[in-house]
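One structure coming up, written as structure tokens, with questions to follow.
In this document, chain identifiers A, B and C correspond to the written order of the chains, with residue numbering beginning at 1 in each.
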Amino acid sequence: MSDTADAGLLEPEVVATVRGQPMADWPRDLYIPPDALEVFLEAFEGPLDLLLYLIRRQNLDILDIPIAEITRQYMSYVELMKDLRLELAAEYLVMAAMLAEIKSRMLLPRPPASDEDDDPDPRAELVRRLREYEQFKEAGRSIDALPRVNRDVFTGQAAAPAMQPAQRQPDVALGELLAAFAEVLERAEMFTHHRIEQEALSVRERMSETLARLDGQRFVPLTEILQPHEGRPGVVVTFLAILELLKAALIELTQSRPYAPLYLRSAGVMGPSEAAQ
Amino acid sequence: MTEPSLESILEAALMAAGEPLSVDRLRGLFDDAVAPSPGAIEKALQRLAEQLQGRGVELRQVGSGYRLQVPEDYAHWVSRLWEEKPTRYSRAVLETLAIIAYRQPITRGEIEEIRGVTLGSNIMRTLQERGWVRVAGHRDAPGRPAVFATTRDFLDYFNLSSLSELPSLLEIGDPGPEHPELDLEVPLQREPSAGPEDDPHP
Amino acid sequence: MTEPSLESILEAALMAAGEPLSVDRLRGLFDDAVAPSPGAIEKALQRLAEQLQGRGVELRQVGSGYRLQVPEDYAHWVSRLWEEKPTRYSRAVLETLAIIAYRQPITRGEIEEIRGVTLGSNIMRTLQERGWVRVAGHRDAPGRPAVFATTRDFLDYFNLSSLSELPSLLEIGDPGPEHPELDLEVPLQREPSAGPEDDPHP
């Protein structure tokens, strides 16, 4: 909008007709040619904005508004606006009415008895609003000046490495497992007569381990499974595990002749007859 | 290879993400058993920020976490990469955004009262579509009007880590060129003023 | 500020672009009058590549130019950014795992007998894929059914050195006179919700 500033040097002629009166002059402060007026009006964000402009234009203290002068100017601007942008005018007219009201109140003589507190300066509320508006007008400008993504700063990005999209596994707490087991047992007790047999978990574990060692078709000597270095308890647990595994038909025990070494092999991998060799 | 340093891992993740990552999300890069403490993550980020001094990239804390970004000093060159000029926002949008940012949570009516004009519906739509403003709730008043607040995206976009980093509201005594486009440069002298509405963090 | 180095400007541009940039496009960052020669750009890229050694990002030449990329060594951590949130295991999975843990080695049929329902095939697959359960052998019975057992990974995950460290039912407050066989001697640590007093003996 720098063109509007330059345009202030233009010589005015009859520039507008207001209430049937040809206007040879724009109001003193409005150095704007007619064809720029609409642009000019759009430069204001509302009546408060215009009022601020007028105050600044006159180099007036916002806290000491000469209401009469401001009202006069304001009204002439509003007249111009009404001609050009009717839909804009309503809010400006409200402000004009408010200014006129303040002006009239200030012209009235003050009752001598009245207290300062009871009869505050009618300009106070206007000043408060103007100050507040001006703050946010400035704040809008400050925000506009903040560094902005893709204007002033740019988010850094590098290509991601080749990855297999891994599926993350759920976490399970030991307590959950225990609770699940307790629930199963409770149900089993209620609905079936499944007998939970007494076996120490160490035997269960050894059963699994022994099965793992017998993985495949190989015959393994019993002496290889029973490890003396584990001590008496270890050997006993292993032995119990072997008995359990035999009972559960999970392994086979073979002996080629009486008193020959005993061999273990996992069951069910292959037919016993073909596996004997 | 030797295990990469914590700060390099964080750098790699921030690079690959291309968006801000919270300390929590950074901890999530590791198995629970070996995840560094939030404090250790923060310290490593500090080291990373130092390592990046003077480089074409910097570590910055914004609303939704940490991100790697090209510093402003490089905008002159980097902006050449894109033909398009970044969007300009109207004064109405910026003023409304400012009022919401400083006065949130705030109703439409309160915004209109401060600006002295009706709020065009496109202004709030623009702000919400950009993801800068959201309806934060409803006031328990007749009509239950919506109250608006700014989002983390707002902070991210304007390079802020929190609302407290917003520039403080000017004292009204501050001189400032009004409509410089209208050839208005007047030195102003006003009494210093301070009211409750000067508080930038209500 | 002092003028940034050429390699920092290139780094900034590559960082902001997030896609490969050709030497030509990199030259386009500068005004024609001051644009470095292609050779100077290439040399600066070389220096940049050296500066990035051991970092969470590296410079790589690809078909359409140069780009910054997170080295594959970091894939392990970085891939976590895109992982889906783990879903929880169903009760069926947990119960099956518990039965296998406490009653191993055990066939599918026996598990079904205890749970009183047919075992969905996906349950055993889930447990085997997780590496917690394996086929430990086959029972010499009609159909030669597989028997299942827990693995070392299972123990590792639950921080147990052996199955005998699995807690007894007492720990969840079941005094279990009906299950005396489960009355393993383990120091008690009950969950607060279910103490023995909550479960009067029948």
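Everything below uses one rule, namely that contacts are C-beta pairs under 8 Å (C-beta built on N, C-alpha and C of every residue); 3 or more make two chains touch, one makes a residue touch a chain.
Fair warning: this is a prediction, and the values are worked out from it, not measured in the lab.
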Label of the chain whose CA centroid is most distant from the centroid of chain C: B
Centre-most chain [mean C-alpha coordinates]: A
Between chain C and chain A, distance of the C-alpha-averaged centres to the nearest whole Å: 26
Chain centre separation (chain B, chain C; CA means) in Å: 35
Distance from the mean Cα position of chain B to that of chain A, given in whole angstrom: 13
Residues of chain A touching at least two other chains: 154-161, 171
Interface hub residues of chain B, defined as touching at least two other chains: 12, 14-18, 57, 68, 70-71, 74, 78
Parts of chain B lying in touch with chain A, wherever the complex brings them together: 12, 14-19, 32, 57, 60, 67-72, 74-75, 78-79, 82, 86, 89, 91-92, 94-99, 101-102, 114-118, 156-160, 166-167, 169-170, 172, 174, 176, 178-179, 181-184, 186, 188, 190-191, 193, 195, 197-198
Chain B-touching residues of chain A, taken from the complex the two chains share: 1-2, 4-5, 8, 31, 40, 43, 45-49, 52-53, 56-57, 59, 61-63, 91, 95, 128-129, 131-144, 146-161, 171
In the complex, chain A residues that touch chain C: 154-172, 174-185, 187-189, 191-192, 194, 196-202, 204-205, 207-208, 211-212, 214-215, 245, 248-252, 266-269, 272
Interface residues, chain C side, partner chain B - complex: 1, 4, 7-18, 21, 25, 28-30, 51, 54-57, 68, 70-71, 73-74, 77-78, 80-81
